[in-house]
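Below, chain A partners chain B and then partners chain C, in two separate complexes.
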Partner chain A sequence: MSLAAWVFDGTLTLTLVVLGWGAVAARDPFTGIVRYITFGLMAALAWARLGAPDLALAEAAIGAGLTGALLLSTLGRMGLRQASRRAGEALGAAPRAPTPLPGMAQAWSGLVLGLSLAIAAVIGGVARTLHGRNGPGLGPLVDSLRETSGIDSPVAVVLLDLRGYDTLLETAVLFTAVLAVWCLGVIRFRRPPWPVDPVLASLARVVTALLVLVAAYLLQLGLHGPGGGFQAGAVLAAAGVLWTLADRRALRLGESRLARIGLTLGLGAFLVAAVIPMLAGRSFLTYAAGSAPAWAWVLETFIAVSVGLTLTALFMGGLSEIAEDEAEERAP
Partner chain B sequence: MVVNVGVAALMCLGGLFFLAGLVGLLRFPDVYARIHAVTKADTLGLGLVATGVALTQASPVVAVKVLLIWMLTALSSGAAGHLLCRAAYLEEVDNGRREAL
Partner chain C sequence: MTSLVLYPLAGVVALALGLAGLVTRPHLLTKVLAFNLMATGASLLLVGLGHDGTASSDPVPQAMVLTGIVVSVSATAVALAIIARLSRLDPDGVERSD
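And then the complex of A and B:
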């Protein structure tokens, strides 16, 4: 490795540790969230440096982008943003002033951070001595599966064939998360929860269309290389979040039957794909020879739609349905 | 040779804009001035760097792709700057106080 690469990787690693610590130890929540988002972007860069573009994409889209948006919208709704601005002068005076981490908690998180760094170093060292720098790992197994299943991309083979059961449960978890949020109740707003800006609205029109295009591109890329259903879904969700912010009508998503069908599409299709082989006497989640690429394509598409809708719905939280009499009124 | 010098000049100039944007972000007195500084780095700085990168590409398709990325960033950073300013204005963030944002 060249000197420049060493310097770059060293700086990146150091930045990750400092940002991680900064996100946990931040005194006010807004600062913590901004550091967390930056941490996510740096982590995506680290994955890219490690030669894992799939993970880099997912980390940038979900870890930094969507989780950050979720945290910020939560903060906005808790009224903490106002409080945290005053935190410097009126800590404790404001009814919902954020509490800084007490000394003990800081000491503990420092200890945990140190321990996890040490453990990571030990595991890394052990793995390296056991397997050598370019050990075979699971490569040969995945390659043989690529031959038999006919799916080109090693990542898609692992996600849909080798670890199909895990992926099935992951889609179930996402689906359950939306159900849980909706079960907590619906907040009906008489006024739009945030002002809609004309600049944002016109930006959203352009960018949403582009994001849908990018999602479709990632989807078709997924069977051959980096990309796939989850990444495409994350990009779709970014479009959904932007649309939510730019257009009040988006908040009726939860009421839309089409959207509800879309939400169940990923899990539903996966279950159908898993059960059909059982009718032919094979076991759960085993595709017939030669049919794997077709299934993979269908599943990836449906998963993308579901993931996009799920994450958008999670971002909206319980927000829904502006009362009709207010719907035609002026944008503030 | 001429192209290389041009590319180096473009990239250095772009880097300069990023540096100026960073200094502005850290040193300017209020929210609006800081946003003004950062959006210049985003649009013009990145534009210069992107033009430099595009000139080094052998394939014109890749060069156009790089320039498209720049255009998208210019679009979103301009809008983001406007939205930040508007949010600061609506929330009456104290103009001129360092801890305001």
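And then the complex of A and C:
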């Protein structure tokens, strides 16, 4: 059993390291991105092995899936000219003058930092070996607070009750990211931006229904076990990305007033939930005894909708503008 | 000592690889990717060291890492939007090393 565990963990961590190396060392970005997506999926396995299924869900959907899709779509948007030039370089046809080691100083500082981290890890490993196992950490404390709070899942109680400030600011970060991406300008698409495939469009309809069902399931699971608003939102975002690829009308998301309201829901609901206790004389984000599960349920629902829309908007990479005619299309 | 000690070690290696990629690779997309690799490495370190050898991990680092995953996808999206904009203004700029 122990040997099997060593073989499994050894193989998985070695795969992680090799894929991580391959991702940054790849000669062309496309190969690197594909290796990075694989790395993310392996990391999801590692989370599952470490007893963190919440993280496994989030890593697979957001870390590997959505980040990979974002990287690939940006690479695609950079245009064919560069891609073909890079391909030429990769084949060795027109080798660029080798970069004369662009920053030896930078490389050295990276090495030093890496070494100090490795030393810290070795010390941690030695300490752990000497003591056999770590202390229990904050787990028992969270368990005791979980009973007063009423939220079953230890991760959910930390996210929504004990460290509500972090999650409030996290929704603010998501909202700000969309604003920042929208401020960077409009993306112009030819008409149509890609051929709308009727098979893909009808498949998207079926798959979207299933994804919404999965998201609802993850959402209701969130207070008791792995799952919750962010994971459900990531699944909704997968549906959003699919719609963006299948049907160009989805690109009008940013213009829709309903979608804009939806983008603010997570942050807005969280702020309201944070302020309402103050009306009853408690402090910011301090729920009344016993009311935490109800608040958490409402917040998770709003967060799921808003995360789904936010991640879809981030995938689109900006407010889209679809050129309606040829003349407009050629305009700068 | 359980074999779970390998995960924080792999996290450190991923973090160092990401850092090296961030400072040495010329292509901006690879830099963004390296930054994400650093984030995952740091998360593996946090949750891996928070694991007490029983069935479950410490929930506090888990919640922090969950927040971290969402924050890093937001940061990635903003960085990529900036890169896409840059590549429209200066198509060679995304690969310049300095």
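Structure notes:
What we mean here is this: the second predicted complex is superposed on the first by the 270 of 332 C-alpha atoms of A that agree within 3 Å, B and C clash if a C-alpha of one lies under 4 Å from a C-alpha of the other, contacts with A are read in each partner's own complex, and residues count from 1 in each chain.
The rule is short, and it goes like this: a contact is a pair of C-beta atoms (placed from the backbone, for glycine too) under 8 Å apart; a residue touches a chain by one contact, two chains touch by 3 or more.
This one's a predicted model, so the numbers in the text were calculated from it and none came from an experiment.
In the superposition on chain A, A:Leu203 contacts chain B only, with no contact to chain C. Of the two partner chains, chain C is the only one touched by A:Gly317; chain B is not. In the superposition on chain A, A:Gly281 contacts neither chain B nor chain C. By the document's definition of touching, of the two partners only chain C reaches A:Thr167; chain B does not. When the two structures are aligned on the shared chain, A:Thr13 is found in touch with chain C, with no touch to chain B. For chain A, the partner that touches more of its residues is C, with chain B and chain C as the two candidates. Of the two partner chains, chain C is the only one that A:Trp21 touches; chain B does not reach it. Taken together, the two structures place residues 82 of chain A in contact with chain B in one case and with chain C in the other.
Across the complex, chain A is touched by residues 72, 75-76, 79, 82-83, 86, 90-91, 93, 99-100 of chain B. Residues 2, 5-6, 8-10, 13-14, 16-17, 20-21, 23-26, 29, 32-33, 36, 39-40, 43, 46-47, 49-52, 54-55, 58-59, 62-63, 66-67, 70-71, 74-75, 77-79, 81-82, 99, 102-103, 106-107, 109-111, 113-114, 117-118, 120-121, 124-125, 128-129, 132-139, 142, 154-155, 157-159, 163, 166-167, 170, 173-174, 176-177, 180-181, 184-185, 187, 230, 307, 311, 314-315, 317-318 of chain A are the ones that touch chain C when the two sit in their complex. Listed in rising order, the residues of chain C touching chain A in the complex are 1-10, 12-27, 29-30, 32-34, 36-37, 40-41, 43-45, 47-53, 55-67, 69-78, 80-85, 87, 91-92, 94-95, 97-98. Chain contact summary for the complex, chain A toward chain B: residues 82, 85, 88, 195, 197, 199-200, 203, 206-207, 210.
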